[in-house]
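Structure first, then comments.
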Amino acid sequence: MDVLYSSRPLWAVLVSMIAAFLILATGEKNRNIRESWTIMAAVAKFLIVFSMVPVILQGKVIEYTIVTFYPGLLLQFRIDAFGMLFGVIASSLWIATSFYSIGYVRGLNEHAQTRYFFAFAMCLSSTIGIAFSANLLTFLVFYEILTIATYPLVIHKESKEGIMGGRKYLAYTLTAGCVLLFAIAMIYHMTGTLDFKAGGFMADSGGSSAVLIMLFAMLIFGFGVKAGLMPMHEWLPTAMVAPTPVSALLHAVAVVKAGVFGCLRVILFVFGPGLLHDLGVWLIMAYIASFTIVVAGFLALGQDHLKRRLAFSTINNLAMIILGAALLTKSSMTGGIIHMANHAFMKITLFFCAGALHVKAHKDYVSQLDGIGRQMPLTMGAFAIAAIGLSGIPPMSGFISKWFLCLGALEANQIIFLFVFMTSAMLDVAFFFPIIYNSFFKKPLDDVTPHFDEAPMFMVIPLVITALLSIVFGIVPDAFFRFFSMTSLAVQNILGVG
Amino acid sequence: MAEQFAALIIVVPLIASLFVPVIGWWKKRLCYPWVVAVLIIPLISSLSILNTVMTTGKFSYRLAGWAPPWGIEYVLDHLSAFVLVIVSFISLMVAIYSKKSVQDNLPEKTVPFYTLFLLLVTGLMGIVITGDVFNLFVFLEISALSCYALIAIGEEGAPMAAFNYIIIGTIGACFYLLGIGYLYIATGSLNMADLANILPPLYDSKVILVAFAFFTVGLAVKAGLFPMHTWLPDAYCTAPSAVSALIAPLMTKVAAYVMIRLMFTVFQPHFSIEIVPVFTILGWLAVMAIVWGGIKALAQTDLKRMLVYVVVAEVGYIVIGVSVANRLGLTGAILHIMNDAVMMACLFLVTGAILYKTGTREIHQLSHLNKKMPFTMAAFTITALSMVGIPPACGFFSKWYLILGTIEAGQWFWAAALLCSSLINAVLFFRVIECAYLKPMEPAYAHDGGETIHEEIQRDEAPFTMLVPIVIMAAGVILLGIFSGKIISSVIQFAVPASF
Amino acid sequence: MLDYVISKYNFWIYIILMMIGLYAMIGKKNLVKKLIGMNIFQSAIILFYVSTGVKAGATVPILSGHGHGHGHEVIEVAKYINPLPHVLMLTAIVVSIATTGVAIATLILIYRKYNTLEEDEILMIRKETGV
């Protein structure tokens, strides 16, 4: 494989970190300058990341070593197709989120905005670091930074619930971090390397199957906490006290996606399909993921708080991605990986809508949404598109991923997982469609303005764009960002070796 | 040239400490610049020594020209040069910091404070630099005596704490002295290098075993290793801010250094590992130290007292690294000597600055500190994250090597203790961060600052002389983390005994 | 057995003294007695050191009959007591005196503050005043 040495990955990480400190230095007094840093960094970051896409699609990898700690132990970036996919998702959505955040925090006149934008930029910096990391150590470094950088966002409201949510978040993620640290140290001890390798490198480690299974469990636990894999999902709904753009970022862009990304890295790039098949853990993994899918779906039904409902839907979808990877077939992997992108665009739309409703109409509960579609047709229209997409109905992008996932279940000769995907799709319909129906067709509640009265344009435009994109990706999966090419390239790499 | 620096490191602060009373008698306010100026010389010397050691390897300095093993020899190898830099750097930082703290807390004791301060630094550097076990005892006592006195001039309750420390510290020193005695009976030598040559045939001798036992216990007392730590919390907590900022990072670390020096240089590693089961015992004690220190720290409401128990736990970290007795573990231990010294110095400096500005150390009363003292709190937060083990701060890397060491040694419980301790640290420090950065959670605390909540909170940052060392330390926490690979490859890997 | 004890009597004496000192440091409530215990402890070690320099039939290590320029006679090491432990102990004595000095100064501070030197009383006072 051709390797291209370039410092662009480093700049992609640094640009938002530099912006973070510029934001801090600018402070509350010059709000417009401060926000312009965010926007500039977001655009710059996206351009840097996107400029590397053609290289990756030629089948090359881009490498950059920051420092070497010890032989075989280095802080290094190596961008392959899979990492690039995540990088593009995160950096492109950051632009949307930045505009949206500005509308949101100004619309609500939030306090501590500087801290908010600072933490946001740091989050993105570490997310790109995660996407581009070449080995488990680098991954862990950025993963931990992400944990900490998200904390100020979770507790942003500084209310009692916010602080409790923050504590819970830290308790889960820091414990996970400790477990990861141990597992990674263990892997380093066994193999002397931590570099991700398509198809896995643990097969040559010579560890007994008990040890390998334990390590696998620890790694999946460590990353699964952020990915909201049951039973480690509890922090996610609690963290919904955070402002909506944060939830959007948490769910669609950075944090949980980092967890899922980590799980997939472990399954496909550390252990590898071959070894997992031999160990037989793939099936257990698949059952855990299926359990999460179904239970999260049912729990979502019971939530009246819109954001909590979305949170459970996230848990449900993330488990779907993991299930796709765990099935270890070509189609299922393709479906899982492409769903990372598709889910990101759809889920961020949903959260943006929830935020718009909160800012404009001060509505947080599903039961309050009757007739709101007349007041905010754009918002609810986008909501409808994304919700339909998540349910897997063509022509939205969700259909593509579901299609591949179902194919994968068939390829693996596991009909039961086909039913899991079907059940999940039906649950999606069950918990999203009433919202769409109520908002458009029910008689408006008294406090709903029956004529067009949308949220600020800063918020509406991003959410309309992301909604439209999810239609576009449904029709042309390879449009703009080349997600589909990257996915198939990543799958080829994994299966080509394994 | 570097050889002369070895002498300067000891002689300059020692002689300068004698001049402090003279200068203080003439003009009291000149003591501070004098001490700061004097302490720059050891820093420059130790940096130059480190540079020489890195380029040309270890060298020694014969005091007054007497040839070893009769004369006293100063030995500069990678390990001692490395620790010297840490000691001289932190003492200089604390000296810079001490200005306001001393003016405020000890206006009448300025002269004795600075005299003792320099003596303490002399003692610490002497311990590190000397190549003679008895000379080491003398320096140990010089540092301990000045430390007793410095603690005794602290706040309410300090004399009692100091007295306890005197009693227990003396027992520790006496045990060490007894160890030397037995070693001398068996070998007739006091020079470390000489002893290392004479000892191997005698490893079966009971006398050597007894000597080793006395050394270990004596140093464990000095290092404040559980369960010999009882003197430590009171003594460190009641000492004046500037003093605790100096002794908390350095005293225990230097004792740990002596432990490494004796166990792996004077005795050969295989003696300490195979013939005596000391590392199993020490390792478990370290685990208890980590757990006990963590639990006690959780129970504290006073920030400084909490940190003091964290010191107890941190000693456990280093001892675990020593006890796993392999290359990675020892690398972690030596790295942690540096990292922990910087982190502890930063935390204690911040605590002192908070006390100076707000007059309180109660965690619950720290609200709105992020507005009042943004830089100080930022430094605190960075260091706290490092304590929790968040990369790229330095705490992560020492933890990484320590855990690798425990895995290699197959000591799963020790690894678990290290991991648990990160979590305990997370609880400890996030509690403080929550109080400082967020609004008071319980209405019960609101009456303390009930009026100020609605007012615009004025920035009231610590004075410049305090802020500079704090910020430097916080920057150090990050930089040492990022460059830990460089430090390991250029210094620490040579400091670890080659036989590993 | 008895021979064994007697032949190593210097060790036994120092150990007994040391234990007396240790007992005083731990068991006594009065701070001055603790201090005295500490002194006994140190003295025991000093005695131990001094006793290790002794050789049967040897004399004080002062070389006699060696004028300048007559250094041809061989010095028999066995004839002289080993002076090094004694010298070391000079330093140790200085250290122990300094320690005692600091300790006494601290005791004075404590007495001024609490008007007593009994440990339990001090603890009572500290508990009452909440320090």
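Going by the order they are written in, the chains are A, B and C; count residues from 1 in each one.
As a working rule, a contact is a pair of C-beta atoms (placed from the backbone, for glycine too) under 8 Å apart; a residue touches a chain by one contact, two chains touch by 3 or more.
Values in this document were obtained by computation on a predicted structure and should not be read as measured data.
Visitor: What pattern do the touching chains form: line, ring, star, complete or other?
Guide: line
Visitor: From the C-alpha centres, identify the chain that is farthest from chain C.
Guide: A
Visitor: Using CA atom means as chain centres, which chain is nearest the centre of all the protein shown?
Guide: If one averages C-alpha positions chain by chain, the most central is B.
Visitor: Could you please state the distance in Å, as a whole number, between where the Cα atoms of chain B are centred and where those of chain C are centred?
Guide: Whole-Å distance between the two chain centres: 29.
Visitor: Can you give the whole-Å distance between the Cα centres of chain A and chain C?
Guide: Those two chain centres are 70 Å apart.
Visitor: Taking each chain's centre as its mean C-alpha position, how far apart are chain A and chain B in Å?
Guide: Here chain A and chain B have centroids separated by 43 Å.
Visitor: Which part of chain B faces chain A closely enough to touch in the complex?
Guide: Against chain A, the touching part of chain B is residues 385, 388-392, 396-397, 399-400, 403-404, 407-408, 415, 419-420, 422-423, 426, 430, 434, 438-439, 441, 482-486, 488-489.
Visitor: Where on chain B is chain C touching in the complex?
Guide: Counting only chain B, the residues touching chain C are 134, 137-138, 141, 145, 148-149, 152, 156-157, 159-160, 162-163, 166-167, 170-171, 173-174, 177-178, 181, 184-185.
Visitor: Give every residue of chain A touching chain B within the complex, in rising order.
Guide: Contact set of chain A toward chain B: 67-70, 73-75, 140-141, 144-145, 147-148, 155, 158, 160, 163, 166-167, 170, 174-175, 177-179, 181-182, 185-186, 188-189.
Visitor: So in the complex, the part of chain C that touches chain B is made up of which residues?
Guide: It comes out as residues 22, 25, 31, 34-35, 38, 41-42, 45, 48-49, 52, 84-85, 88, 91-92, 95, 98-99, 102-103, 105-107, 109-110, 113, 122, 126, 131.
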